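After this come two complexes, each holding chain A, first together with chain B and then together with chain C.
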Partner chain A sequence: MKEGFRQSMAWLHTWAGLVFGWLLFAIFLTGTLSYFKAEINHWSQPEIPSRALNSAASLDLAQRYLQTHAAGAGSWFIDLPSEREPELSVSWRPAGGGRGDSTQKVLDPATGSELQARDSRGGDFFYRFHFQLQMPHPWGRWLSTFCALMMFVGLITGIITHKKIFKEFFTFRPGKAQRSWLDGHNAIGVLVLPFHLMISYSSLVIFMALVMPASIAVSYNNDTRAFFSDVFGIPQSVKATGKAAEPLPLSTLYAKVQEQVPGARIAWVEVQNPGDENARVRVTRYSGDRIAHLRGGGWLFDGVSGTHLSSDFADTTPMLISGGFYGLHLGEFAGPVLRWLYFFFGLAGTAVIGTGLVMWLGKRQLKHAKSGVQPFELRLVEVLNIASMSGLILAVAGFFWANRLIPAFQEGRADAEINTFFLIWGLSLLHALLRPGRKAWGEQLAVAAVFYLALPLINAWTTGQGLNHSIRVGDWSMAGFDLTALGCGLFLYWAARKMLLPPVVAPKRAPKVAKAAALIESEVK
Partner chain B sequence: MLAITLFGFAGFAGLCLSMERHYSDLLGHKATPRRLRGLRIGGWLLLVVALWLAVLKSGWAMGLVELFAVLMAGLCLWVFVLPYRPKLLLVLAAASVVLGPFSALGWI
Partner chain C sequence: MKSKAAGLPLGYRLAVTSRCLAALVGGYLLAAMASVCMGLLLPMPKAEAVITGMMLSFLFYLVAILWSFACRTAAQAWLGILLPSAVLALINGLAYWMNTP
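Right after this comes the complex of A and B.
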C-alpha cells in the first residue's frame, strides 16, 4: 500500500508539474522580477531624476500642485518617493468617481513641477502579469491562483516522492546527465523549501476569496466586504459638507506622524474632500516598515484642524496572519541584502520548475534516442519547453529593448512595449517549431545573451544614464539594473555555449579521457 | 546579519560532515563514530546559536525571516559549490567558525 501511495504521488507530481509547469515558470520568473519592481520602474522612466528624499517638502509641493490643478476633485492621492523609486506621483478623481476616472501626473520631488516621463508599465507589467497573466478579470487571477495551488501540490507530492530527503540533503553530482538534473531539481527544491512553501501557500492566502469562496460566503452571509474588512481592513469614508475651509499644509500632519512614530516612512497620502470643511487626510505608512502587509492601516487626520482622529493598525489575529503571509510574499520589508536573497530564491523556484520540465522530457527522449524519431507528443513538449523558458527570457529582454528604442513620447508606447514582449514570445515559439530541440535552445539562449549584454549599452546610448553616469551619481537602482542585465547575459552566454557545443564532450577533454578520469575518481572514493 | 550567516553556514557544514559518506569524501579518511556524533552535536549547536542571535537582533518575526534566508543561501552555496571546490568550502566553513564569535560581538 505504501509503495502504491508513493507511486500515485509521483504520478501526480509528474503530470501536474508538466501541465502547469510552463505557466508556473512564467509566473515565477515574472514574480521574481517583481521583487525589483521599483527599480525596474525607475529604469523604465529615466526622465524621473533621482533626488535626495524629503517627504515633508514633497508633500507640500504635491499639495500646492493639486490645489492649482485639481481643486474641485473628490479625492487626491499622493504617492511619495522612496529610496528605491524616485517618482512623486499625484492623482485625483471626481467625487463619486471610481478607479478609472482618475488623472495621474508625475512631479519632480524637488521642485514640484510636472515631469514628462515616457509612458511605460515598467516593473508593474511583470508584477501584473505575474498574477493576472494579461487575461481579462477574473480569469487571469483565477488561473494563476490555480497554478499556485498546483505548485503547492507539486511541493507536497515532491516531498513524499523524494525517498532520500535527508540522506541526500547535501548531494549534488554534476556531469552525470539525468542524474545531475534530478540532483539539481531535488537540491534546489529541498534546500529552498521554506521559501517555496511560503510563496505558494501565501499566494493562496492572498487570493483566498477566489480559492474558497463558498466558506466565506457562508460565514459572512455573502457579505464579502465584511470579510475583507475583517481580514485585511478597509478604510471608511466621510461625506463632504459643501462648505469650503482652508486646509492645513500636509507637512504639518507629516510632522505629527513623526512625533508619534519617529522614523516612520510614509508611502501614500490620501485626501478626501480636499478644500472642504470635512476634509480627511489618511496617511499610510510604507508597508515595508513591518512584515505584515495591511491595507488601510494608517493615521486619519481632520484635514482642516489637524486633529488626529484615529490610527487604525487593527492588529486582530486574522489580519496579522493574512497580512503576515501577504507581507512575506511581497517582501516589501526587505532591505537590499534580503531583497537580493528573495530574488535568488525566486530564481531557485523558477529553476525547480524548469529542471522538472527538462527532466520530464529528457527521461522520455532517452527511450527514442536510438531510433532518432521523436513521437509527436514529445516534440510538442519540447517546443513548449523551449518557448516557455528561453522564449520568455528573450521576451523579457525584448520588453526592455522596446522601452529604450520606441521614441519616448510616441502615442501608445506603453502598449507597444507590451506588444513587443508578446510578439517576441510568439516568434520564439515559431522558432522552436522550426529548429531541432538543442539548436533551438542554444540559439534562443544565445540571442537572449546578446540582448541582455547589450542592455546597459543601449541604456547609455539612448538616455546618457549608463553605468559610468549612474555609479558616479550614486543612482544604484539604475546601476543595479544594468549590472544585473550584464550578469544575466553572462549566465545565458554560458548556457547557450553548453547547448550549442556538441553534448557530453567536455570542452578541453576528449571523451575517452573524461571516462578514464571518472573511473579514477570513483576508485579514489 | 553576518554573524547569523557565519554561524548558520558553519552549522550546516558540520551537519554535512557528520554524514559518513561526505566526511570521507571531503577529508579523505574514515571518521570514528565518536567524531561523527561530535560533528552532529556541534552543527546543531551552531544552528541554535544562529537562531538565538537572529531572534536577539531582530525579534522573532524578522529574526526568523532573516535566519531562514541566510541559512537557505548558505546551504545552496555549500551544496552547489561542493562538487567543484570542496577545499575552498572547508576553508570557508573553518573561517566561519573562527570569525562567527567576533562578528557576533560586533568586532567585525
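Right after this comes the complex of A and C.
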C-alpha cells in the first residue's frame, strides 16, 4: 500500500473481490434468475393453467369463494393473476390473527374453483436466497447487503485501477489465456457499468433502514414504527361493529379505480372485516405500473357504501429517489425486451465476478506451472471457485429436476426441492476436492449441460406441457423457460468442451503467454 | 505483497488487519454519524431528511473504505476516519440537545 493510489486501489479490488466473490457470484446468479421469478413460479406449478386476464371477473369469483369458505374471517387477501403469472390466490386470517394464522388457496382464475397445485417455492426460492442466503433473519440480509457494499467498492476501485477504461474496452485479445480473461473482465465490466453501479447501490438503499438505522433512532427516538408510518402511512384498521351488511361486489370498486386511473393494473386486494358494516377494501396497484417502487400506495374504500376514503400519498423527492432505486433494482416495470436486457445484464455481472475469480487464481498458478505443485491456498481457491460457480449452476438445475421428479403431492416436497439444491451444491464441493482443477470444471459443466438440455424433455414427459404444447397454446412463460434451459445447456456444453479438451495453446506460443503474464503482473497487482 | 503471504512480516499483517478494521468498523461509524447529522440538520421534513441521510451515508462508507487503504499508514487511516466522526458526533450532540425541549 505504499506504492501509490492506483496500486493500493488495485490491491483493494483484488482482495475484496476474492473474499466476497464467491458469495457475490451466488447472489448475482440467483438475483438474475429472479428477474424471471413469475415465469419460474409458473413453470414450477404447471397445474395452474394460463387464462385470459379479466381482473374484475377474477375479483368477483374470489369474493364468492371467500364468502362461502371464509365468511367469519378478520381479513381477506386476494392476489390477482398477471400477464406473467396466472395464479389467482386467496388467503384469509381470523380477526386479530397474524401472518402465521393465514390459510391460502389457489383458484382457477376463470372458474373460481379450487386448484390443487404442487407445493413449490419456485422462483421465490432463488429470489429469497439472493438476499437472505437461507440464513435466519436478519443475518442473511445484513450479509448480502454487506456483499453489495463490497461490490460497490469493487466497482469504484476497478474504475480507478483501469484509468484507460474506454481504450481498454475496445481491446479484446481472444485465445491468449490470462490476457483474454482480463480483457473479458474489463469489457463486460465497462459495458454494463451503469447497471452494475445501479444494482449495487440500490441494494444498499433497499435495506438502508435495516443496516443504517442510526438516524431513525435519533430523529424518531428509537421508534421505528413512527418512522415507517411517517413515510408510508400505516393503514388505520377499523373495528368491526358486529352488524352484518351486504358488501359491494369487488368488481364495482375495481371499476371505480379504473375510472380514476384508466388502465391501472391491480396487484392485490385486501378486505378488512368482510361482511361487516365496517368493511374496508384496500386496492393495491401493481408496482410495475411505474418505475419507482413505493409502499403504502393504493385506494381505500368503504366495502359497503363504496365511498372512496383515501388514496396515494403525495410523493416527496427523497422518497421518489429511494423508491426509484428500489424499482430499478427490481425491474418490475420492465416489459419483455427490457426484462431480457435485465437478465443479460445480470448474467454479465455474474460473469464479471466469475472472470475476476478465475483470473486471481490463474495469474498465481502461472508461477507454479513448471513445478506442477500448487500451494495449499491456491488449491483452496480453486476448489471454492469450482464449487461456487459450476457447482451452483448445477444445483440450480437440480432444483428444477427435483420440481419435476418429486411426486406432485408428496408431503413436504417444497422443502425436499430446496434440500436437493443444497445437496447437489455440497456434492459439487466434494467432487471439486477430489478431482484436479480443469477436470473438475469440465466434468461439472458437462453434467450441468446434460441437466439443462434435458429439462424441456423432463417437463414434457412429466407434465405434458413441453415445448410442442406450450408454443401451440401460446404459453410463452412456459416455453420461454424451456428454451432458456436449452440455451443454457448449449452454452455449458461449449464451456465443458473447452475445459475437457486439451488447451490449444501451441508450444511455440509459450513465450507470448509468459509475456502476457508479465503484462498482467504490471496491471493487476 | 500478495501471494507471498508466508514471507510477510508480522508488522505488515497487523497493519493490514488494522486498516481492514478502520475501513469496516470506522467506516460504519462515520457513515452512521453522517446519516444522523443529515437526518437532524437537512432543511426538509423529518422523514425526508432521514431517508436522504440514510441514502447518502453509503457514499461516506465507500470513501472511508477507499481512504483506509489509500493513505500512507494504518494510524493515518484511523485518524482520517475517527476525527471527522468525532466532529460529526459533536454536531449531532449539539443539534439533538437543541432539538430536545
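Everything below uses one rule, namely that the second predicted complex is superposed on the first by the 492 of 525 C-alpha atoms of A that agree within 3 Å, B and C clash if a C-alpha of one lies under 4 Å from a C-alpha of the other, contacts with A are read in each partner's own complex, and residues count from 1 in each chain.
Methods note: contacts are C-beta pairs under 8 Å (C-beta built on N, C-alpha and C of every residue); 3 or more make two chains touch, one makes a residue touch a chain.
What you are looking at is a predicted structure, and each value in this text was computed from that prediction instead of being measured.
A.B. asks: Should A:187 be classified as contacting the first partner (chain B), the second (chain C), both, or neither?
C.D. replies: First partner only, chain B.
A.B. asks: Regarding the shared-chain residue A:487, is it in contact with chain B (first), chain C (second), both, or neither?
C.D. replies: In the superposition, A:487 contacts neither chain B nor chain C.
A.B. asks: Looking at the overlay, does A:215 come into contact with chain B only (first), chain C only (second), both, or neither?
C.D. replies: After superposition on chain A, A:215 lies in contact with chain C alone.
A.B. asks: A:464 in the overlay: touching chain B, chain C, both, or neither? Say first, second, both or neither.
C.D. replies: Touch status of A:464: no partner.
A.B. asks: Contacts for A:436 in the overlay, against chain B (first) and chain C (second): which applies, first, second, both or neither?
C.D. replies: Neither partner.
A.B. asks: Residues of chain A touched: more by chain B or chain C?
C.D. replies: Chain A has more residues touched by C than by the other partner.
A.B. asks: Return first, second, both or neither, reflecting whether A:333 touches chain B, chain C, both chains, or no partner chain.
C.D. replies: A:333 sits against chain B, while chain C stays out of touch.
A.B. asks: In the overlay, answer first, second, both or neither for which of chain B and chain C A:348 touches.
C.D. replies: Touch partner of A:348: chain B, not chain C.
A.B. asks: Which parts of chain A are touched by chain B and by chain C alike?
C.D. replies: 525
A.B. asks: Looking at the complex, which residues from chain A come into contact with chain B?
C.D. replies: Touch list, chain A to chain B: 167, 169-174, 187-188, 191-192, 194-195, 291, 324, 328, 333, 337-338, 341-342, 344-345, 348, 525.
A.B. asks: Can you tell me which positions in chain B touch chain A when the two form their complex?
C.D. replies: 1, 16, 19, 22, 25, 61-62, 65-66, 68-70, 72-73, 75-76, 78-80, 82-84
A.B. asks: Touching chain A in the complex: which residues of chain C?
C.D. replies: Counting only chain C, the residues touching chain A are 1-3, 5, 16, 19, 31-33, 35-36, 38-40, 44-55, 57-58, 61-62, 65-66, 69-70, 72, 92, 96.
A.B. asks: Flag every residue of chain A that touches chain C in the complex, lowest number first.
C.D. replies: Within the complex, chain A contacts chain C at residues 1-2, 5, 8-9, 11-12, 14-15, 149, 152-153, 156-157, 201, 204-205, 208-209, 212, 214-216, 218-220, 227, 230-231, 316-319, 321-322, 325, 364, 367, 377-378, 525.
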